[in-house]
Amino acid sequence: MTVGTARGDTPDALGESPTEFVQLLSPDGERIEHPGYELELTAAELTDIYRDLVTIRAMDTEALALARQGELAVWASMHGQEAAQIGSARALAAGDMAFPTYREHGVAWSRGVDPVSILGHFRGAYHSGWDPLRSRVQAYSVVIGSHTLHATGYAMGIQRDGTDDAAIAYFGDGATSAGDVNEAFVFAAAHRAPVVFFCQNNQWAISVPVDRQSTVPLHRRAEGFGFPGVRVDGNDVLACLAVTRKALADARAGRGPTLIEAFTYRMGGHTTTDDPTRYRPAAETEEWRSRDPIERVRRHLTASGIADREFVEDVESRAEAVVVDLRHRIRTLPDPDVAEIWEYAYATGHPRVDTERTEYADYLESFEDGQW
Amino acid sequence: MTVGTARGDTPDALGESPTEFVQLLSPDGERIEHPGYELELTAAELTDIYRDLVTIRAMDTEALALARQGELAVWASMHGQEAAQIGSARALAAGDMAFPTYREHGVAWSRGVDPVSILGHFRGAYHSGWDPLRSRVQAYSVVIGSHTLHATGYAMGIQRDGTDDAAIAYFGDGATSAGDVNEAFVFAAAHRAPVVFFCQNNQWAISVPVDRQSTVPLHRRAEGFGFPGVRVDGNDVLACLAVTRKALADARAGRGPTLIEAFTYRMGGHTTTDDPTRYRPAAETEEWRSRDPIERVRRHLTASGIADREFVEDVESRAEAVVVDLRHRIRTLPDPDVAEIWEYAYATGHPRVDTERTEYADYLESFEDGQW
Amino acid sequence: MVTTEAVSLSRALNEGLRRAMTDDPSVVVMGEDVGMLGGVFRVTDGLQKTFGATRVIDTPLAESGIVGTAIGLALRGYRPVCEIQFDGFVFPAFNQITTQLSRMRTRTRGAVELPVVIRIPFGGGIGAAEHHGESPEAYFTHTAGLRVVTCADPSDAYTMIQQAITCPDPVIFFEPKRRYWDTSVIQRDPVAAVPLEQAEIVRPGTDATLLAYGPMVRVCLEAADAHEDRSLEVVDLRSLNPLDEATVLESVRRTRRCVIVHEASVTGGYGAELAARITETCFRTLVAPPLRVGGFSTPYPPSRLEDHYLPDLDRVLDAVDRTFGGRP
Amino acid sequence: MVTTEAVSLSRALNEGLRRAMTDDPSVVVMGEDVGMLGGVFRVTDGLQKTFGATRVIDTPLAESGIVGTAIGLALRGYRPVCEIQFDGFVFPAFNQITTQLSRMRTRTRGAVELPVVIRIPFGGGIGAAEHHGESPEAYFTHTAGLRVVTCADPSDAYTMIQQAITCPDPVIFFEPKRRYWDTSVIQRDPVAAVPLEQAEIVRPGTDATLLAYGPMVRVCLEAADAHEDRSLEVVDLRSLNPLDEATVLESVRRTRRCVIVHEASVTGGYGAELAARITETCFRTLVAPPLRVGGFSTPYPPSRLEDHYLPDLDRVLDAVDRTFGGRP
């Protein structure tokens, strides 16, 4: 084990200056200590994490295929960001609330959301397929940045309740430019709200590289708002877990928010409708492939004798089973009933909405009567 | 002369921790050196500055009276902020463009705007009474923060023109919480745009003290966006001049934006419709009165022999003359023609607007005909 | 504190808020200057003193932040009442209102409700600066998922703010700025309260219907009083979305003529929806087209011109006469 | 590059932008992903390569910032063309558009003009996610000081974008998303161009007028073709503000019936203004009320339901038949 601060990349590798971050597991699977981020995990915890990583990678791969087959309208792949999502989500307590973007499938999965609900969103069957309050992960947020304020307000609610829950808001590097995210920083700091801002810097906002959003590392944004920022190796699931755990502990202890910048990479296109070859060199993606977040856990498990080949194969075949079931269920997912158009707009009666629903039902019926 | 970093206030004075800032002239009128902010002014320059300070104070006092008399609908007093405005505006070159809020009367005056135009805005005669492009100070901006983006875009235009002009955006402590201001920081940093962000921290946003907006000094906000922030004694006209001059020089040299926090105080109410006794202690205001921005210049001029009693009296009587003229002109300012309602909405013809104008003229005429 | 003497509309709102906060500890009030200052119109006067700074929150100066964090508080079970200081400053929050607040229920298939109230002082006529005299209601009535209401007098102010707070849907609550200091004795009996979504015939008449809401209700009442030859019915819509179609259409069918009055620009204003809907349903009954009286198709003017821009008694009467076939 | 073969609407916009940028060096294009990627709909494809990164600016991810800095650029003499990536993401810029862009000319008594174009792909029907299929035009047509236009075919796309750029007023330029890949041979002769503010009768008829714009023009043309008994006239409004009242009213006076079609929610939609204005001016000529066909009074549904929400040929024909006194 080595001790110290790791460097995320070298100047020649990515054409930018070296990046310091918290790393607990090197790309080779070597365990590193980082002062302030001690982490002790049991073998069972480690294998569970590995299982999650492999399963969501398999699901993501399947979803890409389903999108290609037209079963999904679009898919936003999280390939490359598995460690950031599983690591941070594992740090959450049962009562905590997560506020995701459209790419946080690993977080949703971690919170126990049925993957069909995740894919159903991308199929266009519904905007959100789960109960956000019960699963303790909110609906996917599409308007960049908006939900960071919801997380902050939710955390203000926690303060008023006097419980030691916390909120976590997920967002991307691009989102840091949005007014709402910065306002969330202002409100969270002013209230010392128990919220963690978890930014997955995957280097790209669609085709725009992170240096168009900021000329300084993103985690440094926090300090000027009056709370700490920390950069973590986003491809290191252990570091993501440890750093998020500390930030959550600080939040619960009344020490206010933390901004975590998980330095990672979007291995695929922005979504299945994107063509990343138009704007980024293949070499960059290849470079990042060598830092694969799953591979290093496998190496670590194998090297430390926790896992053998049999275990690895078992994990893979179970993931495959999840995927087969998922494929079947998404293909047979029924379209929503047309009445849903009017069903949820208002909690209370609304004469115009009710009239429209009735009139449209009559209109549809007129076809079935063969009048048209 | 003493050298070093001055302290703006003591813990017991304002109940907050000591504040470091750039100061070149102590409240007693003593000249101080601050490394990096050398300033040499001729006697004529100094007396000019003094003249401006006294004149706008007199104008402000008159405007308060006119508002009380009902000649103005409302007035936003700048009492206490004279040094911040005159000092920073003096640093501007003729070609630079200023983007003010509703309180920057000193900036407008410095740019040669006829004070009747300033008061006319508060009379409700027009939204803006001067040509922003000719006077090189934009229309007063009322929606907090919005104009900081205009200044940034304008600075991006300067870059494209390849000239060495600069832009300066004025805003308050409250405005730092607005999404737009933070987005302006993002854009300015990303483009290294030649814009100076001049924040007058007058300690209050109406009734809300600055610590509701930020728990750390406002100038520190800049660093996380990738550009420098500096705090200046906002009641010290020389320091405001020197610090703004340096920021503008950096901007012209392609070194990008600077955030200046001018630490000052709003001596009056937010506007004439505000009642500050509802939310702030009189003692605080009194404490700040001892740091009056004009008094210290007078002391300095007198002590250094540049000005004598005769000069001081001359300045005052000239200011009074300006005020008497202003009072007369604002009282006799004609109401705008009703046609202005339609005049400026579109540059090009607009059938509905044209119809409305004609119809309303006919309608008005029907009264004059005695038909109604 | 319950009074029997006449109270101002501002005071009635204050009492309504106080009542709601007393009844339900999950109600929180938030906005710029709502604490010590009590709001620039004193609507929240004294609430912070009574309920403390955790329930009456002086927010940072950021409207998107106010509405966005209110949504978060509602997700946690609170019932936030946000104050937007003036009509013209609601636009920084427009994204949160339009893409988040209005849709969370639909987005989550009914799993999440957001009982958030957004109070907005609106309308002109008080000689104020740019952005302080406007009427943005049409932006909200076109936004599905929101309820939009406005009160016209102290009694309605008192009850409607409480109804808005208990409503499970988000409510945009417009307060007629220039009527804040109008006073009347208020009806405090909750049993007698008119439902939030119901319009009220505030002056019965037979010859033409005047449809108005908020600040224009009083103008229409004065116009009805002033008209020498015609009996004018005045309907205070109170709820703009949903619209109480039953009351409105019944009145127009009876009088067969109507004039719609609001301060906002006529072009694309709420009156367009009223006129279109009335025409669709009452075409054969109407003897004249619904006419609209409102602001012009230009930005709100400087205050020295606002009396021309805003509908007044004469412009309303002029329109009424036009529905009877031209000026007398 | 000028082609004589059919080009897509997306391509036509691209060529129009290219032409405008060539003609006037003060034109700059800015937005998210407009550079290397060429925009998510490829409208700005290749422009950065030709004109460089100072004229085709990949902005940070912040719509208020995009429009706000565009205003600043315009103050400095530039003519910015901003791209908002999708309809649903214009709301963070709503404050800049509504309180700044639309009013600077009025605020400064004509001293400052802001020739800014804001391009917004709009409308549904492409199976996209939430916020990617909406029609926010009514929020802008109610905002005085803005011009609001939309093209329906490649020829108009090519000329109208150029006209919008040379227009001294700010222009909100809506692009019919689901028509981006429709192709036709485009008319490039500037002399033959229809003025920006003019509507066009795209299919003459005698029995009823269909009023549409953007994506619904094609639907109305198809409906007109499909109707067996009636001769339907189709008017493509092209400019929503100002509205070409002359053309619209002339058509309706002639046919005496009209149906208004758009994708946005009918409640408070642009159709309300059309219906109200037509009724005000043509009341005695109309033999049936103007009917509106559009989205429902609910948030835009998930894409598997959008075909129900969006007007189609059958719903248009149904409304036409209703103006003739009910279904056949």
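We just call them A, B, C and D in the order they show up, numbering each chain from 1.
Definition applied: contacts are C-beta pairs under 8 Å (C-beta built on N, C-alpha and C of every residue); 3 or more make two chains touch, one makes a residue touch a chain.
As the structure is a prediction and not an experimental result, all values here were calculated from the model.
Asker: With chain centres defined as mean CA positions, report which chain is farthest from chain B.
Answerer: Of all the other chains, the one whose centre lies farthest from chain B is A.
Asker: Of the pairs B-D and A-D, which shows more C-beta pairs in contact?
Answerer: Higher C-beta contact count between the two pairs: B-D.
Asker: Report the inter-chain centroid distance for chain A and chain C in whole angstrom, where each centroid is the mean of the CA atoms.
Answerer: Using C-alpha averages as centres, the distance is 41 Å.
Asker: What is the distance, in whole Å, between the centres of chain A and chain D, each centre taken as the mean of its C-alpha atoms?
Answerer: 36
Asker: How many angstrom lie between the CA centroids of chain A and chain B, rounded to a whole number?
Answerer: Chain centres of chain A and chain B, defined by C-alpha means, are spaced 44 Å apart.
Asker: Which chain B residues sit where two or more other chains touch them?
Answerer: 126-127, 143, 177-180, 183, 186, 190, 212-213, 340, 345, 350, 352-353
Asker: Going through chain C residue by residue, note those that touch at least 2 other chains and give them in order.
Answerer: 59-60, 62, 64-65, 88, 91-92, 95, 99, 106-107, 130-131, 144-145, 267, 296-299, 301 - these are the residues of chain C that touch more than one other chain.
Asker: Would you pull the chain A residues touching chain D in the complex into a rising list?
Answerer: Its residues touching chain D are 73-74, 102, 121-127, 142-144, 174-175, 177-180, 205-208, 212-213, 273-274, 278-279, 335-336, 338, 340-342, 345, 350, 352-353, 356, 360, 363, 366-367, 371-372.
Asker: Help me check something: in the complex, which residues belonging to chain B touch chain D?
Answerer: 97, 126-128, 130-134, 138-139, 143, 146-161, 167, 179-180, 183-184, 186-187, 190, 340, 343-348, 350-353
Asker: In the complex formed with chain A, which residues of chain D make contact?
Answerer: Residues of chain D touching chain A: 32-33, 35-38, 40, 58-62, 64-65, 88-89, 91-92, 127-132, 267, 296-299, 301-306, 308-309, 314-315, 318, 327.
Asker: If we count contacts the way the header does, which residues on chain C are in touch with chain D in the complex?
Answerer: 64, 88, 91-92, 94-95, 98-99, 102-103, 106-107, 130-131, 138-139, 141-142, 144-145, 241, 264-265, 267-273, 275-277, 279-280, 283, 286, 288-292, 296-299, 301
Asker: Residues of chain B touching chain A in their complex?
Answerer: Touch residues, chain B against chain A: 176-180, 182-183, 186, 189-190, 212-216, 220-226, 229.
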